[in-house]
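Down below are the structures I want you to see.
Below are two complexes that have chain A in common, paired first with chain B and then with chain C.
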Partner chain A sequence: MQDSGLSILFMGSNFLRLLQGLWVTLQLSLISVAVSLPLGIAFGMFMTLKHPAARIISRLILDFVRIMPQLVLLFILYFGVAHAFGWNLSAYASAVAMLVIWGTAEMGDLVRGALISIPRHQYESAAALGMTGRQTFLEVILPQTVQRLLPPAINLVTRMIKTTSIVVLIGIVEVLKTGQQIIDANRLQFPSAALWIYGVIFFLYFLVCWPVSLLAKRLERRMN
Partner chain B sequence: MDFSFVQNYLPMYAQAALLTVRIGCFGILAAVLVGIICSMILYFKIPVLQAVATVYIELSRNTPLLVQLFFLYFGLPKIGVRISAEGCAVIGLAFLGGSYMTEAFRSGLESIDRIQTESAGSLGMNAGQTMRYVIFPQALAISVPALVANVIFLIKETSVVSAIALADLMYVAKDLIGLYYQTKEALIMLVAFYLILLLPVSVIGTLVERRLRYAGFGA
Partner chain C sequence: MKKTGILRKTATAALMAAAVTMAMAGCGSSAKGSTGVTGSSTADSTGVTGSSTADSTGDAGSSTAGSAATDQTQTASTFRSLDEIKSSGKIVIGVFSDKAPFGYVDDKGNYQGYDVYFANRIGKDLGVKVEFVPVDPASRVEYVATGKADLMLANFTVTDERAQKVDFALPYMKVALGVVSPDTAPVKSVDDLKGKTLIIAKGTTAETYFTKNYPDIRLDKYDQYADAYNALLDGRGDAFSTDNTEVLAWALQNPGYTVGITSLGDEDTIAPAVAKGNKTLLDWVNTEIQTLGTEKFFHADYDATLKSFYGDAADPDSLVVEGGKVE
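Coming up: the complex of A and B.
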């Protein structure tokens, strides 16, 4: 058969395989998001503590994780941890660990930012109304924090999904790797497969991330 | 720690870091240019181009750089568009960074009060002059924190170019781990070089930010 572009997608189970690969990507992202969000909230609250040791430690962790490219963190976990401690983390476990560590740091910073953006008079007014510390936090501070936090936190989800793409570089068979396999298997029949397959993967990522970004934008607009 | 290993392979890392810097500089410059053009198109609401810019921004913000690079480097040659790996990396970085830079400039432009435009108009300035001498300088000062964050983000993003066979820092580290199993040394040098590249940007960014805030443009 002559090369006819897109038709490679519908040959055999190629499209289904790509979607399966996409599912691996999404699974990785979703697991990491689900773990990072609560950990990030805890880390964010930890960062608002006044204790100097807590501040220095959290600052160092945050700065290191945020300044290193995510791929470097992934290499440290995948190659370095095995070498240094003898734990042979699988590629999948290293990828989840990297996404969770990075996601927690980013989420923590968002939570910290949202918490310190609540003006002091909110605490003082709540106290003047005779609310306890617990009531103040749950009924006054938390609702306002969540409202401020939601748009950037949802944006973080799209960033995590996009970051998941780099796990192909430590050999996880996700959507990009599946695409490479399809291209390699059909190299002779479909010399132009790379154009179409990578084009389709580009749009698959777009179709996943775009609705999430739109949601974030909408919440942001409603807040203003 | 095997210091003779570190000493032997330091030049390789330095060369790789230079490649990262080169790709980063050209990519960021191009991204800033794309950002200025797109934010102007959106600011002046130029018909047609505005729609094009919006579509571009959504596409670029919602796809990973690695996929963009694969498309540029492996996909485009199939229709006869052959670009060198370094060219692909710079174009990819400009494509990705352009939308982030647009967002940074746009938030600055939006924060400038209308009274500024009206005052410039009443002084007899035309739209171009108003933008160049009144609006843009103030918007730029407000955009600086976002611009610095984008620069750091884009330098970090260059780490994926090893996937299109460019010998950057990641590539060298992976190579050395594969060849000699000197994992600890290779990774420590990798981290050190990224710190050398990124810490100064972060520090200079903070300093510039503080100075601009002190100047109090538009604030």
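Coming up: the complex of A and C.
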């Protein structure tokens, strides 16, 4: 078995540790997605406001998050904030905050895009039928928006799951870091460990993201 | 070092991050005047680097698990004094989790290695539990400077640059740089590196040394050790340089690779680090190292953790420092 790096998986509690790591990844993703989606919807609606102040604010927030690499944002939240204000956010809190800030901005832009893509005549037709503004939004605009929003939103969810991997750099031991620890501890006996372990991690990420995109497909089909 | 520089600059940007957070938090409820207040406090705190501003204490301690620190102590410092550590019953120690044989995690999920062996002894002598934080080379200074780790025991080489940001205790090991390369194209001197690519891990002494002394050599930089080694194995670079202890151990176990340069640059020492100004903890660690020297603790540590890695390739006395005295 000297050559088979896969046997490392079954040494000690390695596989269990990888699964525990995966659970950390999942937890981070679930919390961040659950918070980002509603916040993002609210932010997206805010972005469509015509008021100049609202436009400037939303533009600033969006550009700030867009320009800033997620890793830099993470370091600012974890180390920068501690330097500047003395707020010691835990690694976990910083990671969630980073994902939420980024996820909200991205989701907001998707919602904005979906909202303004609804043609003007939809509003006008609704008005012609005597619907109130509230009715127009809830019964005409919203269903069409959701339909357009679904594919990019699901895409964002899988991107968020994958982005959780950068939290290893502030010491959170999730699936990737666990994998690296296993690779390193066995590097000497099993030089090919990297290939196998990264392969397994790839498969684990796939296991998480695949159901999400399956769900998206089903939802889309149902809507059409 | 570079990373910290960037962080300093982005301290101003942190204001914006905070503003974003607030704006988002305030999204549902109507916006409060609080963003303005934050703005003014940042202006002060960026000028006075390091020391935390008084008005932020309210939000501070909440996330530091287990710290029963009062607002007053939080205002004074971001680090925890010896008494605070003792009363919390736990010391947070930064170690590597992917750098065998100094700090790594075994297949049962336990931390092991030369640094970890020492860390466990510190915990025992202090009478507190040890909580390990896994760190990466480039973030070690920040962990200590921001108080996210009380003590850093991550193969931390003492440099003047780092000493400006953290306080080093007495050394417990000494190293120089080494360069490992494949047998087929061995790198035996720095001249051999001309026109080749050298792999290094970000934030290590190797990065500083080559950037300063040999700016012509092309460097391929990686955030994590695991990635740097994989890069060498994959042939993405011609050689890899980091501490000689590390490359010696690695080359011994990886047939086909040799350490062509075993000692490069100045001989450096490796020492524990604490936050700047954390005198109580620093003094305790120094006394501890001196006391441990009388029982040859670090030789025992070497035998328990490093010997199986180096075999006859290294002499313990050329690596281990007892009682903080470098001969």
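Details
FYI, the second predicted complex is superposed on the first by the 201 of 224 C-alpha atoms of A that agree within 3 Å, B and C clash if a C-alpha of one lies under 4 Å from a C-alpha of the other, contacts with A are read in each partner's own complex, and residues count from 1 in each chain.
In this section, a residue touches a chain if its C-beta (ideal position, glycine included) is under 8 Å from a C-beta of that chain, and two chains touch if they have at least 3 such contacts.
All values derive from a computational prediction rather than experimental measurement.
If you put the two complexes together on chain A, you find that chain B and chain C bump into each other. In the superposition on chain A, A:W102 makes contact with neither chain B nor chain C.
Touch counts on chain A: comparing chain C and chain B, the chain ahead is C. With both structures placed on the common chain, the touch criterion links A:L39 to chain C but leaves chain B unconnected. By the touch criterion stated above, A:S13 is placed in contact with chain C alone, chain B being left untouched. Shared-chain residue A:A185: touches chain C; no touch with chain B.
With both structures placed on the common chain, the touch criterion links A:G86 to chain C but leaves chain B unconnected. When both complexes are overlaid on chain A, the residue A:L77 reaches chain C alone and has no touch with chain B.
In the superposed model, A:A194 makes contact with both chain B and chain C.
It is stretch 164-172 of chain B, out of 2-10, 38-46, 110-118 or 164-172, that runs into chain C when the two complexes are superposed.
Shared interface residues of chain A (contacting chain B in one complex, chain C in the other): 68, 72, 75-76, 79-80, 82-84, 168-169, 183, 191, 194. The part of chain C that touches chain A in the complex is made up of residues 3, 6-8, 10-11, 13-18, 20-21, 23-24, 27-28, 41-42, 45-46, 49-53, 56-57, 59-61, 63-65, 74-75, 78, 97-100, 104-109, 112, 133-136, 139, 142-143, 145-148, 223-226, 229-230, 233, 250, 253-254, 309.
The touching residues of chain A, when paired with chain B in their complex, are 67-72, 75-76, 79-80, 82-84, 158, 162-163, 165-166, 168-169, 176, 179, 183, 191-199, 201-202, 205-206, 209-210, 213. Within the complex formed with chain A, the chain B residues making contact are 58-59, 61-64, 66-68, 70-71, 74-79, 152, 156-160, 162-163, 170, 173-174, 177, 183-184, 187, 190-191, 194-195, 198-199, 202.
Chain A meets chain C in the complex at residues 8, 11-14, 17, 39, 42-43, 46, 57, 61, 64-65, 68, 72-73, 75-91, 93, 97, 100-101, 104, 168-171, 173, 177, 180-189, 191, 194.
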